[in-house]
């Protein structure tokens, strides 16, 4: 019986793979059906996992097993229920209270973390001695790192018109950003091709048995 | 009350979290710790809200027989089917309402919920995203044209990085003598990634970081209120 | 500008399909060189003493499996070979299944591994950065149970693990947010734990600034190539290595597309100029 279900599973996988690939020819009902099954299953998965892995262990169990030590969790529970009031247009405003807790917490944490990791630490990482590299290539690279970062940041400074020295710096900044986007494209191409490789490894391996990855 | 109280809550919560970073003692440390746990629980409800909202939107589309409404029936049925299976027999080693369903999972090799995940959902999602491989190739052909200095830089970086990321890159320039090793394609690719790309990305990171810091402050101080929606 | 002559893009699709499929069937086995970032990850794991406890976060879903699964498998193999105990978490709900899938694949190679002693799967939690920050203070409050509903206090591997200070290093297998960025910001920058990760090619460039002298990130596995390099370092070729031939051919096809696209553009432009005169 298990063998039957294993085979059925592989065939189902192949069937849905082709249903999605059929979009490459043109949009069609097979693709649309597969797409909607994807949306439905995805939502269902999130729903079940949220209840099984968040609401039961972090809310229901503490409240039912030791209420006196965990009664404070009633507050987020109530706030959570208030969040669901958003589904009814007349009571939508009630959800502003839990949203304000969420937004307030996020803002507070983001303020601190981004300041340290993405601003201060990045500035520190740019303040390097470019001339201590082990070869002239590294020295050039480190110089590029310093100049590129500074000019790139200048490019994002929109409070003053980009003319004169500021304009030249911003222009250099754009050049660095373009190289960066080009490299990002190269990596994106690699990523997308990898996904296709994964699909073909399934079709040629698990389904047809031609290859053994 | 409908607007001022939420603004006050946002301000208080945001300030507590910021102060707790510098004074991690009572009451700030304790309060921020508690708020973080609340965040997790409210996030859970927010996820449920998202799924229920999807349910509601689809019901409306079907009710008013909007274009392609039949496909939204499929969405709803898939959603209900997945949730039902999850609740009845659970997932992984977590039991559902009917326990673990040993006989059914013994026959299927997985619990029904996990069977659907592994054999349907996983393939659907992986294939959906793999379509992008075709579109990126097509985009490369149509849009990657060297018209200006900027676009030429973008193009050159993309081609060099792509070549460097292939095994051909190793073969093509592997014969170069040690003195010219910096021209070896994988090394060129690594150089582009380590220096100019990092510089560009760091500039974006600093810019975005400053933007996030500014937005956070505006929200905490009640200057930015769009998250509360209209009246 | 006149209309550029374009070929039906479905021909391009077909070429890409064939270009990826054929090398999978007729393998070439082209050589690979290890990049510095991959070596750094390898060295980090190598430097860990036996019995260290690492936190591996599965922050991806099936959409990124072909890229992240091979590196997850290689990394876990390396850790188990070094007898490092592993604590799995997931900031993405499907990450839980990803971790389970990898462990199922490794079962034959490591039959003696004991769940709860050598590794544990704590499951999924929402909340991204804020949840990670809370884990850093008190991991037990966020994960009172593992994914199977076992009380965390009853699991031997979790003995003495209360917060990030008790973790040797953190590794995030990340396909986006929440993922490696949040782990760097909290686990390394707030708690000082060595942090590393594996990411999809798409998100790799944005993570590069974290690889710096402060070691916000200790190395990075970026995309399928890095996974293949890691497999090569471990001398255990897997799906990433076998996919690299296809990757190379597909890249060449894309580069040829770019060249043809540019030739077409310049040819049309010249023809237009001539026509204009």
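The letters A, B and C name the chains in turn, as written, and every chain counts its residues from 1.
Assume a contact is a pair of C-beta atoms (placed from the backbone, for glycine too) under 8 Å apart; a residue touches a chain by one contact, two chains touch by 3 or more.
Note that the structure is predicted; figures quoted are calculated from it, not measured.
In terms of which chains touch, the assembly is arranged so that all chains touch all other chains. The count of contacting C-beta pairs peaks for the chain pair A-B.
Subunit A and subunit C have Cα centroids separated by 13 Å. Note: centroid distance subunit B to subunit C, computed from Cα atoms, is 14 Å. Work out the mean CA point of subunit A and of subunit B, and you get 2 Å between them.
Multi-chain contact residues, meaning those touching two or more other chains, occur in subunit B at positions 36-37, 39-40, 43-44, 46-47, 94, 117-118, 121-123, 125-126, 128-129, 133-134, 136-137, 140, 144, 155, 158-159, 162, 165, 193-194, 197-198, 201-202, 204-205.
The set of subunit A residues that touch two or more partner chains comprises 24, 45-46, 49-50, 54, 58, 105-106, 109-110, 114, 117-118, 122, 125, 180, 183-184, 187-190, 192-193, 195-196, 198-199. Residue positions of subunit C touching 2 or more other chains, listed in rising order: 13, 16-17, 20, 63-66, 94, 96, 125-126, 130, 133, 142, 147, 149, 205-206, 209, 223, 225, 247, 250-251, 254.
Interface residues of subunit A, counted against subunit B in their complex, comprise 1-2, 5-6, 8-10, 12-14, 16-17, 20-21, 23-24, 32-52, 54-55, 58-59, 72-73, 75-77, 79-81, 83-84, 86-87, 92-93, 96-112, 114-115, 117-119, 122-123, 125-126, 135, 137, 140-142, 144-149, 151-153, 155-156, 173-190, 192-193, 195-196, 198-199, 202.
Against subunit C, the residues of subunit B that register as touching in their complex are 33, 36-37, 39-40, 43-44, 46-47, 92-95, 114, 117-118, 121-123, 125-126, 128-129, 133-134, 136-138, 140-147, 155, 158-159, 162-163, 165-168, 170-171, 174, 186, 190, 193-194, 197-198, 201-202, 204-205. Of all residues in subunit C, those touching subunit A in their complex are 10, 13, 16-17, 20-21, 24-25, 63-67, 93-94, 96, 123-126, 129-130, 133, 142-145, 147, 149, 184-186, 189-190, 200-202, 204-206, 209-210, 212-214, 216, 222-225, 238-239, 242-243, 246-247, 250-251, 254. Across the complex, subunit C meets subunit B through its residues 6, 9, 12-13, 15-17, 20, 28, 30-33, 35-36, 61-66, 94, 96-97, 100-101, 125-127, 130-131, 133-134, 137-138, 141-142, 147-149, 205-206, 208-209, 211, 223, 225, 244-245, 247-248, 250-255, 257-258, 260-262, 265. On the side of subunit A, the complex with subunit C involves touching residues 24-25, 45-46, 49-50, 53-54, 57-58, 61-62, 105-106, 109-110, 113-114, 116-118, 121-122, 124-125, 128, 180, 183-184, 187-201, 204, 210-211, 213.
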